[in-house]
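Which chain is which? They are A, B, C and D, in the order written, and residues in each are numbered from 1.
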C-alpha cells in the first residue's frame, strides 16, 4: 500500500492534467447539456407528467455527463500513458500497488452521495405535485400519491383486450369509444384494466404508462397541456397483434371535447344498453377453458 | 487441435474426509435451495389467499382431506424421529444398531408416499376448483415428487449399502470420537452421511409441518 | 486411426447437419402464411370479397379449429386469410356464416361500424346493431375502423354444415357490407368473438393464428 | 475405420460402431425419441382421455408434456445417468467416477472430467449462441419495414421469444459453464469438482433444454418473449410447453452448477489457498453460484406452476378464477433480477482476472472487488419490483425499490475502481483478451447509466417496456458478459486446446464487434424513448430510418462473429500455432500446469504460496508448489 496517496489525497502527477481537463470540461459541458439538450429530451412537454419526466431525465443526464467525461478521460489517458512501450517493456512488471484506503473511501462516499441524491430526487419527483408521476398507481392509490385536484379529475376507463383499446367515460353515460379524446388542461384519471391478458397502456406523448392487468384497475393521473394528436400503444407483449395494438389519442379544446363526446354518445347509442354497467373491472364470460 | 491422450487408469480416490465434508456442506446448500423452492409455493399460498377478492379462495364445496393429510404427516414425523434414533445409535453403538431404525424410517417414507398417492387418487376436488385447490395440488405434488423421492433415494442407498457390506470390513477407517465399538470399525463416510441425511430429513419434516398447518389446518 | 477418422466423420456430419438445420430453420420461418386471395375487381375502384366462416376446418393438423375461408375470383374456396384488395376503393364483402353464436367478450363490437352507411345486411335485411350474445364472429380491421359482427346460426337449424368449405345448401347467414380502403399497406384483421372453444378466454389457438381467425389485408395500389 | 486399424500398443480395440450401443449421446437420442413416443402416444393419451379441452382442440398439452418429460428421462437414461443411482439403490459402494472415454468420443458421453465438461459446455454454449444470434438477425430483418414484411406476426413473436429465451438460458452458462468448470477446480488446486456426476448432468441438461426450446418452432411457437408472462402463457399454443420445460431444465442446471461450485470452492481448496488468495474469477463464481442456488429454484417453481395451469387445469394465474397474473410477475422477477446478475458477475470476474495479467500489476483493491461482487449478489435479491413500477403492484414501495436498485451502482462502481487502479502505472499490453476486457468498461458504463434512467420510477414510466430497456440490457449483457466471454476465450484458448487463436483476426473481430455493437444499440435508446415498444412487429413509420440503421449495424455484428468462426477454423486446422507454456506470462496457477492439463490436474495436491497477482514483487514466491513434500502440506494447513 504505497505510492501515490501518502500525503492526503494528493492527485498523482500523471493525473493532474486530466483532473484539470475534467473540471473544465464538466463545468462547460454540463450546463450546455442541461440548457440545449434537456428541452429536446423525450418524452417532451405535452403533459405535466411528460414535463416532469423530462426534467427528471435532464437531471440524470446532468449527473451522468461529468461521470462519463471523467471515466473516459481517465481510461484514455491511462491506456496511452501506461501502455507498454515495446514488447520487452510490456513484459516487465509495473509497481505493486495494491490499493489505497483513502481513494476507496472517497470513491464509495462519492458514489453513495450520488445514489442518495438520485434516489431522493426520484422519490421527490414521484409526488404528484412535482408532476413526475404518470405511471400506474395501483387500484387504490394512497392519498399522498393523488394530485391536488384528483377529485375533480375526468375519469376515463381504459380497457385493454386482445388486441385493441377501448375507452369508457363514466361521467358521460358510460359511453365506450374506440378513440381516446381528452380536453386540454384538464386533470384526467385513467383507470386501466384488461378483460383478458396483461397489456400496458402507453400514451407516448403524455408520458403515461400503466399495465392493464385483468381483474385489476390501475389508476394513473395526467394533465395534458397541449392540443396534440398522437398514438396509444401497447407496451406489454400480449399475443399475436401486440405490435398493432394502437389507437388514436387526441387532446382537444374543452369545447371540441364536449362536441366530440356528444357525437360519440349518439353514434354508439344503439349498442349502449347492451354494455355492462360501469365497473372498475369486468370479468366477461368465458373466463376459463370454455367448452 | 491437439489430440489429448489421457490415461484412464489410476484415478486417485478422494480422501474419505473430503467426500464426507462435501456431503456435509452440500446438504446445507441443498436445503437452502429447497427453502427457495418451497418458498415459491408458500408465496403463492399467502399471495393468493390475501388477494382473494371474490371469496373464491376455497369454495365450501372444496373439502380439506384432513385424514390422509394426518397420515402423511404422521409417517414423515415418525420417520424423522426414527432417523434421529438411528443416528444416535450409530454414534453410540455403531452401524449395526443403525440399520434397524434406519430401515424402518425408510419404510415410513415409502408409506408417506403411498398415503400421498392415495390422497391424490381420492381427492375430493379438482385442481381447478379455485386457488386453494391449485396450491394444494402443486404443493403436495412437489413435496411428494421432490422431497419424498430424494429422501427415499438417499436413505435407501445408505440402508441397502449398509446391509450389503455388513460382513465386509469397512473401508477407509476414520476414528470417530464417541464410537463405542459396534461391528468393528465405522467408516467415517456413513457417520457423516447419516448425519447429513438426518439434517436434510429434519428440514423436510419441518417443511411438512408447515405444509400441514397451512394446507390442512388454516386452509 | 479409427478414433481420428470417427472424429473427422462426426465433425463433417455436424457441420453438414448444422448447415442443413440452419437452412431448415430459416425456411420454417420463411414458409409463407396461407396463399393470398385476390378480391374480384368489379368496377373502377370497386372490389368484392367473399368469405365464409366455419366451426371446424375438418382436415389437417388443426381439424377442430374454427376458421375463415376465402373465395378466389375463380370461385374456388381456399383456406386463407390473406386478402388482397385495391387501395382507395370500395370493397363489397359477403360473409357466409356457418358457425353458431358464442357471444362477444366486449359487447361494444355488436354494433357494425366503419362500414358504408353504418349498416350491414343480414340475409338482405339491414341491421344497425346486433345483440352481442348472438355474435358468432366479427370481421374487424381496427386500423380502418371496420368492425362487423356476424350473427351465429341457430344451433337447432336443420342441415348444419359438417364439412368445410360449406355450401349454400347448408344452414347459414349471409352478411354483406361495404367498407372503404385507404392507402396501400398491410392491415391486420381479426375476430373479436372468443370463439376458440377449449382455450382460456376462448382466445387461444385459432384466435391467435393467421389463416384461421386472423389475417392480413394487403391493400395494393391499383 | 475397421477393426484392422489397431494401434501398435494398447488393448485390442473393438470396432467403433460397438461403442454406439453403450450409453452415449447416440443411445440417449434413441431412448429420448422412444421416451417421447411412449409419453405422448401412450401415457399422455390415456391421461387426457375425457378432457375435451385437451382432446378436441388440436392442442393436447397433456400428451405433449408427457412426451417431452419422458423423452428427457429417456435421453438421460440413454446417456447413462441412471446407472450409478440404480447401482447405489441396490447397495453398490460409492465411487468417484464412472468411466471415461478416450479421444473425441468422450465429448459425446457422460464424462466426469471437469475439463471435458468445460469444453462440452464451450461448444454447446457457442452453438446455441449462434442459433440465438441468427434469430436476432431474423428479427432485425423484419424490422427493416414498419409492418410485417418477411415473417408473419406469429412467426416474428416466436423468433423474439426464441432469441430472448435462448440467450438468457445459454448466457447463464456462458462463463460458468466453460471457464467455471474448466478452471475453477484448477484455480483452487483441486483435482476435480466435488460432485463430478452432477457436473456432467448440469451440462447435459443444457443441450436438452436447447433442443426442447427449439422444438417450439415445430409446435406453433410461443408468443410471450423470454419473460413468459402469465396469463398469456396459459393461453398460448403448444410451443409454450417447450419454453416452460426448457427454462425449468435450465433452472435445474443452474442450481446444480451453483451447488457444485460452492461445495468445490468451499471444501476442495488446496492447502494454502486462503480466501484472500482466491483468484477474483473464483470469487465471482462464488457470488454467481449463490445467486443460482437460491434464485433458480424459484424459477423452477414458477415454470411448474404455469405448466400446471396449462396441463392440469389449476388456476394460479387466472384472474377471474381466484388466481393472479401478479403472482407470476413476482415469482418470475424474484428469479429474474438475480438472473441478470448471474449473467453480469462472471463477466466482472473475468475482466478483473485479465486486467492484472495485461497491465502487469496486482489487482488493485482485491478485497474491495470481492466486496463489490458479493454486494451486487446480495442486493440483487431486493430489487425485483423495479420491473413492475407501472404494473400497479405495490406502488407505495416504488421509492424503496428505486433506492435498492440505485444502491447496486455502488458495488458495481467498485469494479470500475478496481480496473482504474489496476491500470494505473501498469505496463499495458493490448492483446486481444485485454481489448475485450477494456471494452466491457465502456459498454457497461453506458449500460449502467441507462439503468439509472430505468431505476428512476418517474423516468421508468416512459422507458419501461420500450426499446430503451432492450438497449439497456443488451449493453449490460452483450456489452458486458459477451465481451468478457470472448476476452476469456482468447485468454484461455491456448490452455484449453493447445492452439493460439490468430491475433490479427481476433483484433479484426474485436473492432468490428465493438464499433458495430455500439452503433447498433446506442440508437435504440432513442428508438425506445421515441415510442417504440419492445417485441413489436410493426412500428411507427417515422422510426423506420433509425430501425434500418440499427439493422444494418446488427448485420455487421453478425459479420464479426463470422470472423470469429473463421478464426477458430483457421487457427485450429490451418495455422496450428502451438503456444508457449505461458503465452501471456501470467502468474495464475492454471498456467503453471502442462498443456493439456492432465486428467487429475495435479500429480499431488499442491501447496499454494501466494496470490496469483504478485506482479511487481520479485521476491514473491511462485504461486503454487506443485510437488510439495508432506511436511509442506501439513504446514500450509492441509
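Quick note on the criterion: a contact is a pair of C-beta atoms (placed from the backbone, for glycine too) under 8 Å apart; a residue touches a chain by one contact, two chains touch by 3 or more.
What you are looking at is a predicted structure, and each value in this text was computed from that prediction instead of being measured.
Looking at B-D alongside A-D, one finds more C-beta pairs in contact between the chains of A-D.
The chain with its C-alpha centre at the largest distance from the centre of chain A is B.
Look at where the CA atoms of chain A average out and do the same for chain D: the two points lie 31 Å apart. Separating the CA-averaged centres of chain A and chain B is a span of 48 Å. Rounded to a whole number, the gap between the C-alpha centres of chain C and chain D is 41 angstrom.
The set of chain A residues touching two or more other chains comprises 196-197, 215, 239-241, 244, 287-289, 291. Along chain D, residues 52-53, 102-103, 153-154, 223, 231, 235-236, 313, 315, 318, 321, 324, 326 each make contact with two or more other chains. The set of chain C residues that touch two or more partner chains comprises 4, 188, 196-201, 203, 208-210. Against chain B, in their complex, chain D makes its touches with residues 85, 88-94, 96-97, 99-103, 113, 191-192, 194-195, 255, 259, 262-263, 266-268, 293-298, 300-302, 304-305, 308-309, 312-316, 321-324, 326-327, 330-331, 497-499, 572-573, 596, 598-600. Considering their complex, residues 52-53, 153-154, 156-157, 223-225, 227, 229, 231-232, 235-236, 313, 315, 318-321, 324-326, 359-368, 388-396, 398-399, 402-403, 406-407, 409-410, 413-414, 416-417, 420-421, 423-430, 438, 441-442, 445, 449, 452-453, 455-462, 464-466, 529-531, 533-540, 585, 614-618 of chain D touch chain A. Interface of chain B with chain D (complex): residues 1-8, 11-14, 18-19, 21-22, 25-26, 29-30, 32-34, 36-37, 39-41, 43-44, 47-48, 51-52, 54, 56-57, 126-128, 130-131, 133-135, 137-138, 142, 153, 156-157, 160-161, 163-165, 171, 189. Across the complex, chain C is touched by residues 159, 161-164, 166, 176, 178, 195-197, 239-241, 244, 246-247, 267-268, 270-271, 274-276, 284-291 of chain A. For chain C in complex with chain A, the residues that touch the partner chain are 103, 105-108, 110-111, 113, 128-129, 131-132, 142-143, 145, 188, 190, 192, 194, 196-203, 207-210, 214.
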